[in-house]
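What follows is a set of structures to go through.
One chain, chain A, appears in both complexes that follow, with chain B as partner in the first and chain C in the second.
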Partner chain A sequence: MNLKEWIFTTDHKRVGVLYLIGSIAAFAVAGILALLMRAELSTVGPTITANPTNYNVWLYGHGAMMILGFQIPALTGFFANYCIPLMIGAKDVAFPRVNALSVWLFYVGIILALLTFVMPDPPDVMWTGYPPYSTITTGNTAMYTFTVLILGFASIIGGVNFLTTVAYMRAPGLTWNKLNIFVWCTLGAFVLQLIFVPVLGTAVTLISLDKYLGTHFFDPTQGGDVLTYQNLFWFYSHPAVYVIFLPFIGVIYEIVATFSRNRVFNYKMVVYGGVFGVVALSGEVWVHHLYVSGMADWLRIGQMITTLMISVPVGLLVIGLVGTLYKGSISFETPMLYALGVLFLFLIGGLTGIPLAVTSLTVHLARTYYVVGHFHYVMAVAGTFAIFAGVYYWFPKVTGRMYNEFWGKVGFWITFIGTNLVFWTMMDIGVKGMPRRYYDYSHFSQFEGAHQLMTLGAVILGVGFVIAVLNWIIGAARGPKAPDNPWNSNSLEWSTVSPPPHGNWPVPPSVGADWYPYGAAKK
Partner chain B sequence: MAHHEGAHGVADGHAHWDTSVWPFVISFGILALVIAFSLHFVYHQDFASVLTLGLGLIMIVSGVAGWTSEAMGKGDGMSYSAMGWFILAEAMIFVAMFVTYWYLRLNTDVWPPAGSVDLPKAMPLMMTFVLVSSSLTIHYAEHLLHQGNRGGYVNWLMATIVLGFCFLGMSAYEWSHLMHEGFNIGTNLLGTVFFSITGLHGSHVVVGLAIFLAGLVSALRGNVDEGFARTAGLYWHFVDIIWFFVVSQVYYW
Partner chain C sequence: MHKTTKRIPLILAGMLAATAAWAEKTASGSVIKDPAAGWDHLWREVIIDITIIGILFALMTAYFIWKYRRRPGNEVGNGPKLSAAAAVAWVVIPTFVFLSDDLYVAANGWQLWNNYREVPADRLEIQLETGMYSFDYTYPNGVRTQNELKVPAGKPVLLRMTSRDTLHNHFIPDFRVKEDSMPGRVTYLWFLPKEVGKEHVVTCASYCGVMHSYMASKIVVLAPEEFRAWYDQEGSKQGGSIKTVAENKAATASKS
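Presenting the complex of A and B:
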């Protein structure tokens, strides 16, 4: 093992593995912060810290690291890097050096996020950075701004790279209608990144301009308006949900099709209806984050309608999955368990989102734990389960070894139980009025038992995740050798040896007119 | 494409994997810039800030130089369409800025707000003339390169760079003139909008010039790449087009 060839690598597979290592590290840190918060909330009043600012910093770290440090880099960094060139039969991405630049910028972002634990006056603006607080706090808002800018820039150049790669580097015979669903989904996510990340970048830059250079964008005494920030922020941050959702549902498609040994149900509906529909509608729904921030009714009603409408393409994507399962020859290896777990969690998350889309109900539900429970189901946990599913699925390809199937399943069930304990309880007490973001809930002491149940659930799901990560580490080091195509998949990434060499194939592959990435492998 | 292309040698039983140190160097140079910003604006450690800033700039400049000399002329001709996607992202930055500006301005009772000065009207026209000229010169330079005239390409590229620096000089003159009158970025909402939008556009001019300079240095060392020239030109035309929005929305509305 040549360390220099890893650190300075431009190979898409190694860049992908670097992304995976960094994002799992971010996941670990963010998970520990979540446990700290759960420990703090296990009793009414101060529990493990008497300083509410600590709680805010944990909340900032948990949200920012989970979304910007773990989910987006794992999905659009690791999976996209590792799988897309292999799935389209290319020897690498279009711009390998740009790829290396994006992974190291991602690490710089992680370093900046970790610096917040040692620097004086760390950022305490949560992951949203709302002014006016972010422009008057003594916390280091600049660090927040630059973390977002650097991770954002890394994802933009990554998006440019992959859109170009898929457009120009597909294997001979691999037409657009034969692309893996994962490739389509990830392209959709990259288009969203290109359109919406710059808007977030502008928003967070403006708060630092206000704070450090004395501009008045968000200063009402000079004609500025804080709602401008909230609109710019959610104009990105709602599509960011789809930046996570699209690749993760793509991963689930690969797994469900493989372990059902079936064709993808209604491929063209999934791609041109589901993926294209989500991309087209995702930029017209952000106001549902601002229903109670104060704005004209015509804006709220309009975006209530678009929010309900976006359920249609999302529903097409789910129907495609269920149709792929239908009459399939299903087996339940660990990746498939996680994938079916995603289907269940996403269904609960999606259905509990409908009340939140309705403006009249939101007045009651906004700012409560119901919202926290909902988005953890639909995005946080479903996305994380999908990432775990995908890592298990491509583990033999990436490492050339097998993980332990028994401990894989044990880890899944423990995590699954813990997850539902935490987030179902959250939605329950949210409906009953428990407000989110409280450090001390003395006014709601009736929820102490529920909070203790959630703390217990958080510990359980933490144990499940630790089992999974240990399973990977031990499997990568000492697991039995894996065959090149252990799951009998038709998809191109399984047609090379495990792990693939530099350049991926000795002879670049081409596919025939009757080739299709799904369905039973060659008899 | 990476520089060991095709050389998957299995000498001493160990296949070569492509590497490049420059992305790593540039990334950590950017980290240094971020730390320098915090040291100055948040922690008021000016000496440390200047040191870190210098270190970061050295890393970024040497990283870009190394990258350019390593990769120039070895592209697969995909950079032009990639730049199209990148420009989509860049355009969205300006969309966000202009929408913010329109929203704030249309929600204000009195415009321009108290304390404003009259923005210059003649200078932006001259700047427009300079920038449009530079778009034409770079287009002509590409045309000459396409015909195989490398010397002509280098000359017209240099003319473009000179025009770009003229534009920046005029912008700097205008800024210092306004600040001399006591009108700056914190004066009122007009100052905020004027300096941040012209500054944002100016920073794109700087990036465009940096790309041209990287191409010029390579060209003077005998390494000319037509794909690079077209891609750099495309970015420059984009910067030019954005300037029309700046002039019409900020100076003349």
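Presenting the complex of A and C:
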């Protein structure tokens, strides 16, 4: 096992692990940035830096790296790469070399994003890059454009690859209605990436054309329109939320079904109602990001209704999850703790989204800490908990070793407590008017105590994540040997040895008519 | 799930009991519905709604986790295998329950939205130009102020907003209202100042650059006659020497 073998690998499992390592590195950097921001906000006025630009760059880096460098690559890079071929009984993906290209591009994107912190005039345009600011700032908007384009391209070729793989390479007998929920969810996410990433690519390219080549797409003095960018950006970036949501809820389904030793409640409802519903509605709700952006009044009404309607497929997914617990035989190892944590975090996050769907309530709530608290609950920490749940769950398969159960549980509880301290407080002061993206809140000094509580919460949360990551590193190096199927699951990825060899099975598996990926494994 | 259906009549009853009564009379005798009061009302309703849903789901989940924990005698899951009819019902019924709640919230939200967008005819209309990093107001008689807006109590105030550089946002937390301003478009918002002598903080809520968090203003509510006196006096004083945009810019630069 040498470095060259890893860099030039075309094995989907190694590509997946490379994605995991890169995304955890991005997570660490983005997490440190979050702590720097919390430290800065611990007092009114300048605290650890006197230059607001530093804060703005941290904020940009935190958002861009967490979403584009950590969550999307971990979910659609690591989990999809590692699990999909194993779950459908394939030897590899359809285009292994294209797969290797996508991970290379991902690393280029990560390196570009990291260069932000050593270059002069780093981008300070937030992860949204709204013009006219992004076209007049002295910050380097081109860097933002290139990072997004590279990561977007990696996503698109990954999407083509996985759709082809699932369509043509399923094991004999493995029909569409026997696919793991995770596979369905990830397919949904890749369909969204294929449809919407090109729109994002267009939007960010146009701001660089405006800034560097003198075009006027977003310049009203020459007939352009600043709102066009916001529409293009959110036309991708709202579906991007579901690109994160679908795979993470898929991971949670795998874990909840396995640790309940139960069948998934109403499988067809989950797939054809939940997953298909989210995919169908996701492209019709982006205007809720523009409720206070000066859009025509009537345009803000239609998408209020479609946004509220998202609660239908999402509600079906939650019913399926809670229903899977019903009459189960539930045990509480670390992956299951994280998965149940996601259920509660997502419940809070999802329900606090309902006021934000309502145009007239958003007139007050938009751009405040309420929004920040909401989307951290529903997507950021729920997604991160799901990623941690999934890494713990497939840890024995990936490494062939076991993590430490005690420290796993300790890490979970510390993180869970820290998370709620930070983000509940955030929603509370948001309703009271605390605006987001503020380096100094001297006009809102009444919130200093709340900010200090959040800083404390962020430190607690950080300690919990560090414990988890250390647990993986130590477990991978020195953990006891894991059995092939430690969780007693029926799903195909557990039917091979741990870790699986190149090609996955000596003899490719096939499944019988009564086989089903969930429920206790038949001995 | 069947529990969820029970909350609907409960909420409906609550809403009926507290039917929107935030309309109030102004000094001039016309009836004005204050969107800020409407906001507080709808917010309370929606919070009750989502809290009930959240608690029902959380309790149900907690109960299942406890009741179906693995223990001797419960080693294997035995979830129901649904008949085709039951499987369809589990899609159709929740869909209609969720949809009815969604549409109920949407209808109330729409009502309030109309309130936010229909500005009373009897109003004080002010032009606002935003720039890095100030709010520059112009009154109907040409009086200009920067980062401070004096208004008479009881009269609706309409801001017509535009921006000379990038996106900004005039956010007044106390009045539950905000809207972006940008180059090339005119946007608007209105509010109803009430308490004489009160100062309301205004901040920029659209990221606009390095000094974004320092871009702030305030709304000072005066008694109508006090406002009239200030307005006329300021009008005759500034009549000859109304500040230009360039001067405003210079003033901002020297401030920061």
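In this section, the second predicted complex is superposed on the first by the 522 of 523 C-alpha atoms of A that agree within 3 Å, B and C clash if a C-alpha of one lies under 4 Å from a C-alpha of the other, contacts with A are read in each partner's own complex, and residues count from 1 in each chain.
Convention: a residue touches a chain if its C-beta (ideal position, glycine included) is under 8 Å from a C-beta of that chain, and two chains touch if they have at least 3 such contacts.
Worth saying up front: this structure is predicted, and the values here are computed from it rather than measured.
Asker: Between chain B (first) and chain C (second), which, if any, makes contact with A:126: first, second, both or neither?
Answerer: second
Asker: Go through the superposed model and pick first if A:311 touches only chain B, second if only chain C, both, or neither.
Answerer: In the superposition, A:311 touches chain C alone.
Asker: Looking at chain A, which partner touches more of its residues: chain C or chain B?
Answerer: Per-residue touch count on chain A favours C.
Asker: Applying the touch criterion given at the start, work out whether A:428 contacts chain B, chain C, both or neither, answering first, second, both or neither.
Answerer: The answer is neither, since A:428 touches no partner chain.
Asker: Who does A:142 touch here: chain B (first), chain C (second), both, or neither?
Answerer: After superposition on chain A, A:142 lies in contact with chain B alone.
Asker: Touching A:225, do we find chain B (first), chain C (second), both, or neither?
Answerer: Both partners, chain B and chain C.
Asker: Classify the contacts of A:215 with the two partner chains as first (chain B alone), second (chain C alone), both, or neither.
Answerer: A:215 sits against chain B, while chain C stays out of touch.
Asker: Does the superposition put A:323 against chain B (first), chain C (second), both, or neither?
Answerer: In the superposition, A:323 contacts chain C only.
Asker: In the superposed arrangement, what residues of chain A touch both chain B and chain C?
Answerer: 224-225
Asker: Considering the complex alone, what residue numbers of chain B touch chain A?
Answerer: Residues in contact with chain A: 1-2, 8, 14-24, 26-28, 30-31, 34, 37-38, 41-43, 67, 71, 76, 78-79, 81-82, 85-86, 88-90, 92-93, 95-97, 100, 103-104, 107-108, 113, 185-186, 188-189, 192, 195-196.
Asker: Enumerate the contact residues on chain A facing chain C in the complex.
Answerer: My answer: residues 52-53, 56, 124, 126, 130-133, 136-137, 220-221, 224-227, 260-263, 265-266, 268-269, 273, 292-294, 297, 300-301, 304-305, 308-309, 311-312, 315-316, 318-319, 322-332, 340, 343-344, 347-348, 351-352, 354-355, 357-361, 363-364, 366-368, 431-433, 435-444, 519-520.
Asker: So in the complex, which bits of chain C are touching chain A?
Answerer: 1, 35, 38-39, 42-43, 46-47, 49-51, 53-54, 57-58, 60-61, 64-65, 68-70, 74-82, 87, 90-91, 94-95, 98-99, 101-103, 105-106, 108-110, 112-113, 115-117, 165-167, 169, 171, 173-174, 176-185, 187, 201, 203-214, 216
Asker: Mind pulling up the chain A residues that touch chain B in the complex?
Answerer: 2, 4-5, 7-11, 14, 92, 94-98, 100-101, 104-105, 107-108, 111-112, 119-121, 140, 142-143, 146, 150, 156-157, 159-161, 163-164, 167-168, 194-199, 201-203, 206, 209, 212-217, 222-225, 228, 232, 235, 501-503
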